[in-house]
Amino acid sequence: MLAAFSSHSCRGPDVFANCIDRFRALFLSILLLSCLAVPALAGPFEDSVAKFANDEFSDTEAAVGEIAASGNALASPIISALQDGRLSADPDSKKVFITQTDGKIVDATTGAAVDKLPDNAAAVRLNNRLRRTVEAALGGLTLLSPDPAKRLAAAQSVFKSHEENLLPTVESALAKESVKSIKQAFAEARAAIILFKSDASDSDKLDAVAVVKARGDQEALALLTGLGDQPALVTKAAASAVSSIQSNLAMWSMVQNAWYGLSLGSVLLLAAIGLAITFGVMGVINMAHGEMVMLGAYTTFVVQEVIRTRYPALFDYSLLIAVPLAFLVAGFIGVLIERTIIRFLYGRPLETLLATWGLSLVLQQAVRTAFGPTNREVGNPSWMSGAFELGQITITYNRLWILCFTLAVFAILLAMLRYTALGLEMRAVTQNRRMAASMGIATSRVDALTFGLGSGIAGIAGVALSQIDNVSPNLGQSYIIDSFMVVVFGGVGNLWGTLVGAFTLGIANKFLEPVAGAVLGKIAILVLIILFIQKRPRGLFALKGRAVEA
Amino acid sequence: MTPHILTRSLDRAATAFVLLVAAVGVLIPLSNLLLPQGSMFQVPTYLVALWGKYVCYAILALSIDLIWGYCGILSLGHGAFFALGGYAMGMYLMRQIGSRGVYGNPILPDFMVFLNWDKLPWYWYGFDKFWFAALMVLLVPGLLAFCFGWLAFRSRVTGVYLSIITQAMTYALLLAFFRNDFGFGGNNGLTDFKDILGFNVQAEGTRAALFLLSCLALIIAFLICRAIVSSKLGKVLIAVRDAESRTRFLGYRVESYKLFVFTLSACMAGVAGALYVPQVGIINPSEFAPANSIEAVIWVAVGGRGTLIGAALGAVVVNYAKTFFTSGPLAPYWLFMLGALFILVTLLLPKGIVGTFNSWWEPRRSTGIAADEASAAREDGISAAKMAE
Amino acid sequence: MLTQLTHGIATMTRRRALAATAGLVLGLAASSPFAPAQAADDTIKVGILHSLSGTMAISETTLKDTILFLIDEQNKKGGVLGKKLEPVVVDPASNWPLFAEKARELITKDKVAVVFGCWTSVSRKSVLPVFKELNNILFYPVQYEGEESERNVFYTGAAPNQQAIPAVDYLMKEEKVKRWVLAGTDYVYPRTTNKILEAYLKSKGVAQDDIMINYTPFGHSDWQTIVADIKKFGSAGKKTAVVSTINGDANVPFYKELGNQGIKATDIPVVAFSVGEEELAGIDTKPLLGHLAAWNYFESIKTPANEKFIKEWQAYTKNPKRVTNDPMEAHYIGFNMWVKAVEKVKSTDPDKVIDALPGIEAPNLTGGTSKMLPNHHITKPVFIGEIKGNGQFDVVWKTPGLVAGDAWSKELEGSKDLIGDWVGKKCGNYNTKTNKCGGQGS
Amino acid sequence: MNVMDTRATSAMLYLDGVHVSFDGFHAINNLSLTLAPGEMRAIIGPNGAGKTTMMDIITGKTKPDEGTVLFDGTVDLTRLDETRIAELGIGRKFQKPTVFESQTVQDNLLLALNVDHSVRGTLFWRGSKAESERIDKVLETIRLTDARNRLAGSLSHGQKQWLEIGMLLAQDPKVLLVDEPVAGMTDVETHLTAELLKEINRNHTIMVVEHDMTFVRELGVKVTCLHEGSVLAEGSIDQVSSNERVVEVYLGR
């Protein structure tokens, strides 16, 4: 029977595998649709459900098919539960249970509430192939769901699976749909089905090509390139649609590179901004700067651990709590370092370099001893997880927030230096220490606070970086060189230079990466920095006049 | 009025140092080869290799001290020159393996066979000959330093800017050498050497000879440095270190002086690397890591910046400490010790071991011999302050 | 100190100065920089050569603890040959030349009977000449690129045919993958593995266009571009999978980016060879549900031996959350093999133990019995695990039996005729075509 | 105004229409100035008048945005760097005494001597009787013979000023640019310095920048007053100090 089908739409070895998957789902759907008309039989449904307890992927797959086809009211909850890992089975009694989203447990076959799961009940396992089967089954089941989100997901799932026999359902859903975006999704799903439907007319198919072309994203491209044999007219239209989508996507990929560059630039800026204070403003070469970032990241880890064990509900606020704490922890340690080491080394920047290098070794090993050498888990709060589509590019929330966060930190810092008394004192001390001292500014206090501020900002950077990188004792090491490059490239002593430097390097890196590859791209950036410094030995935004040289 | 260049360079401390290194260079191999094993004075082979490594580090430290201590150029990328010298030697040693590699390919090193390279890349040509490799040991680091210095010194890149771009240089090389496509064995580097000039690198006799050679190279490097710092050139270098623009207004072409010592220093580092590789048996891109270069600067600081003996001594002391602390029950804590050592030395002994000793010893000496080491060291604070500019 | 001394020397007579210098030099050099070794005859020393600091400490520290744990357990059972085992721990600090130096120190100064150690290939390559020269034994517990069979080394981690190839087979059969992204860190293991996989995939009829190879530097942390490229490559209408040989630290940001860009395992599954329980401990695994790893051991495998091992390990480390992983199991197998071999020949003499080891069998933790082969690799089962939400793996597939480790890949031109055989041929690179020892020959 | 015209003036230093600005601030504004061979000229002017910047331009440290700077009637100084200009024979003393503090007084002078300044030359330098005699003579002139083996860093402020002038002497340039030579000196030292400069002026062209009017008066030479980057007045000290605009500028009205 399969062979008969395959002669229509599945020619060539390439698409054969896809076809098997499709036929499996198709088979299910046929069963499903045919059974909708037939009253459910009590016996086989229980038998099917019991198959979940066998802990065999093939049995599970069979069970999904049979249950989806059963038309039983419990089919949808069972399969949803399976998808979410809420379906458990007891291998001894062959009983299967659903843990509902509210935590209540019910028997899967009867829907009757159960006090607790049997001791040896285990969650029914899935693998990727099964997950796809489940998705397809649910897609068929939820096309007419009252929940708009589910309908949208179902439409998208159908767009991918383009099951021919779902066409009537999709069409009726399309007719009923009132939400515009979902209606669009149904139209696209319908077009996908028609494109793969062997007996659809050429004109229908051409319309479908136009709909898919209008969608214009990677998935549309995937669909159109995977069409297989089609009438010549359709093939031609599809080919032109593919090339138009491709050129459109190529344009978007420039936008995408620019966005990635901004995002990388924001990470670089965040890592470098504290250094721009300690190194750029104070002239202290702080090799332990990276370790301040690391301390910030570990502070986030500790905050999340406490929240996880004590107040799980607060998890989404963990970063908000961690930011001030990280600032305080790193800032405090910064002040401590300034008071015990750095203040004895003013005017000897290269010795500061050596001492802070030693310090970085000590801090790294201290963290390694305290927290262990392995990575620590820092989770993304829900508002920093996932992504959204902007045109044809994917923007991840964590990167977006980090960019905003970085700019906010930068703005606050700038405002602080400009408008607060401490900022004024800091600038005074940097520009003319003796004069500032004679005007009654406690220069040593200002030094300590400036260093503390730089370190604290590094700590804040650690909070953000914990969202995208390892939280391990080596975290700081991986940012220290880049940070110095950014500050030097931008021009020491100039916060705006650091900003422009970071974004320039970030964007340059991201435009080079697709051309040269990640490794060569990075090498090229380094060489460019070396050459650039020859041209402008004091960086992009060098301070001019005698003050710099004094 | 002024004595000959050689007599001038060999003051009492320098003579004593040269004699000491010569004694070490002769006695350790002799005791290793001639005395029976287990004798109290017999130096086991692994210690010969270990001390050989220290001696190579001492040469590297000397080369850094020459430019940093005397000319104020802080290179945070000197490990790159060391590693390039090491790679040049490593390439020779790889070619010497010949068909004894695991694949038995007479021309291609194992890692090339392994990655299906069908012929030797052009830059590997010539490395089957020792003289060529020896030339490259000097030429490659020297040329890189020359080009880099020519660009940087002419554009008057100084102070921390220079330090950071030297770091960028070594970091870029690190990334490049990690790449397998680069043709230097990627992360695995060059290893499993068999012989050098026909002698088995593992043999005790070869090790002893390499050790002796390293000591000899240290003496020569030391004498070259002494000759330079005790000549008028040395005075110009210190002048550049302390007041660069003053020197320029006196009509000295500062960039030429910097370029000269920078290139010379890179060649010395290259030789150190070349001697290091056969003794430790491997060269890998991690030698380019910026951290290694910073550590080498720290040896100099610990020993005493601006004192040649101090630089060499610092390299040996820090590495001895590292060997000591990375074994046995102290192993988990050695980074604490190393870190603390750096902090304490910079805080409490800013002149380094030898510098501090000199300033303690000098007033107690009846004659005020103006050992430049002492005077140079005494001015460390000043010159460092100058570099802040 | 030295200057003081040299000034003193200058005032002495020449002869006395020479004698003093000689004494000093030898005294300093010969007094080894280490604490004097207590050569107790009633113990057998076992060297542990794993980095406890530096970049590799993240992975290797656990292995040091594993061997200490295994030694502790063995000593509770009365040790070996009636003697207690004594661990000697050194820290090669993720520094490759230091690995060679420490290996030499362990063998010559501490006179250890065997060394368990190394993680990276380069560290193994660095110590290899030392083990050959001083004739000692190294047990190497990590999956690696193969292409090596040395008399003094026993490879208890997976060779490429015990990890990479079965994983690709699984994806081809179970997931119907037609298009492949081979993503790796730019060093020898990924390069070689990808070379082998590329040859293997082509032999299975995969076109060049359907293979994308991508390398990144060590510790790469900005994966946006590459993940987007993978997404793009995966939208060509064919089922796509990523085979990841991305190393250590770079994995966390990679998976975080995958999760955030919404690449689900059902769309583009990623199978990794360097991601185990320890690595997952640093990530929130919920978005990674269904991505795969191929190993010879998973902590979640339910066998009595494994459950006992985990329980005792957590008790030993006093940490009920401490995870176990594949290289730990490799050390477990290797350690037990060594103990059996020593007991068999009633000696710790390296030559005797090396000759005795091939053929020795030791139980692994997944219910089977691994055997040391003449090429110094071992037989192991291969498991494919899917990442679960709790940082563990769910085994979705396993090889029917144990897979014998190939020292030389059959897929590579340069090594397809080579075998390692230290029993019959006494040769690590025996050419079966020319019937000669010594590689391809000339 | 081509080169041939200026040759006719046979000026030692010739500045015409020089402009320099830093970030929009006009440090030098249409400055024209001529220094005849063998002349000693005192330059006065309030802070920020552009005195030091003018010296920076002459010695090649700062490049002018426009204008002509000629040395010896023919050499365009705007195209040369500091080293080359020093080699041509323009020596400079900085406002803040700049000597090589970690080297002895004698070595400071040795470094300043106008001999082979190439790397090779200094590496294989052996010294000569002529050189040591020159140094002895300069030491005598600047009254530092007794301090010859002291480190320059240990000298008093005035002694450092002299040492720097001594270095200029040892350099034996055609033109000496001397920036505030008596700042921080006692009256006696100031007097001695004036004598010293007059003595040097016998064989050298000198340009002195100074605030100290007593000192300028003692020199008794032509005075140029700079203000806001251009020449305000020129003439004898009496003429200049009686100029209304000068008084205005100095006293701030």
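Think of it as A, B, C and D in the order they're written, each chain with its own count starting at 1.
In the analysis below, contacts are C-beta pairs under 8 Å (C-beta built on N, C-alpha and C of every residue); 3 or more make two chains touch, one makes a residue touch a chain.
Because the structure is a prediction, the values reported are computed rather than measured.
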By the contact definition above, name the pair with the higher C-beta contact count: A-C or B-D.
A-C
State the chain with the largest centre-to-centre distance from chain A, centres being mean CA positions.
D
If you average the Cα atoms of chain A and of chain C to get two centres, how far apart are those centres in Å?
31
Approximate Å spacing (C-alpha centroids) for the pair chain C, chain D:
71
Cα centre of chain B to Cα centre of chain D, whole Å, reads 43
So what's the Cα centroid distance for chain A and chain D, whole Å?
65
Quick one: which residues in chain B touch 2 or more of the other chains?
175, 178-179, 332, 335
Where in chain C do residues touch two or more of the other chains?
52-53, 186, 215, 217
Would you tell me which residues of chain C are touching chain B in their complex?
1-4, 6-7, 9-10, 17-18, 21-22, 25-27, 29-30, 32-35, 52-53, 88-93, 95-98, 100-102, 104-105, 108-109, 120-122, 125-126, 128-130, 133, 147-148, 186-188, 191-192, 195, 215, 217-218, 412-415, 418, 428-429, 431, 438-442
Please output the residues of chain B touching chain A within their complex, sorted ascending.
74, 148, 151-152, 154-161, 163-165, 167-169, 171-172, 175-176, 178-179, 290-291, 294, 297-298, 301, 332-333, 335-336, 338-343, 345-347, 350, 381, 384-385, 387-389
Of all residues in chain A, those that touch chain C in their complex:
14, 17-18, 20-21, 57, 85, 125-129, 131-132, 135, 218-219, 221-227, 249, 256-257, 260, 263-264, 267, 365, 368, 372-377, 379-380, 385-387, 394, 396-399, 467-474, 477-478, 509-510, 513-514, 517-519, 522
Which part of chain C faces chain A closely enough to touch in the complex?
52-53, 55, 57-58, 61-62, 174-176, 178, 186, 214-217, 219-222, 224-226, 228-229, 231-232, 234-239, 249, 252-253, 256-257, 259-262, 265-266, 269, 278-279, 281-284, 287, 290, 292, 386, 389, 391, 394, 396
As the complex stands, chain B meets chain D at residues 1-2, 4-5, 227-228, 231-233, 235-236, 238-239, 242-243, 245-254, 256-257, 260, 370, 375-376, 378-379, 382-383
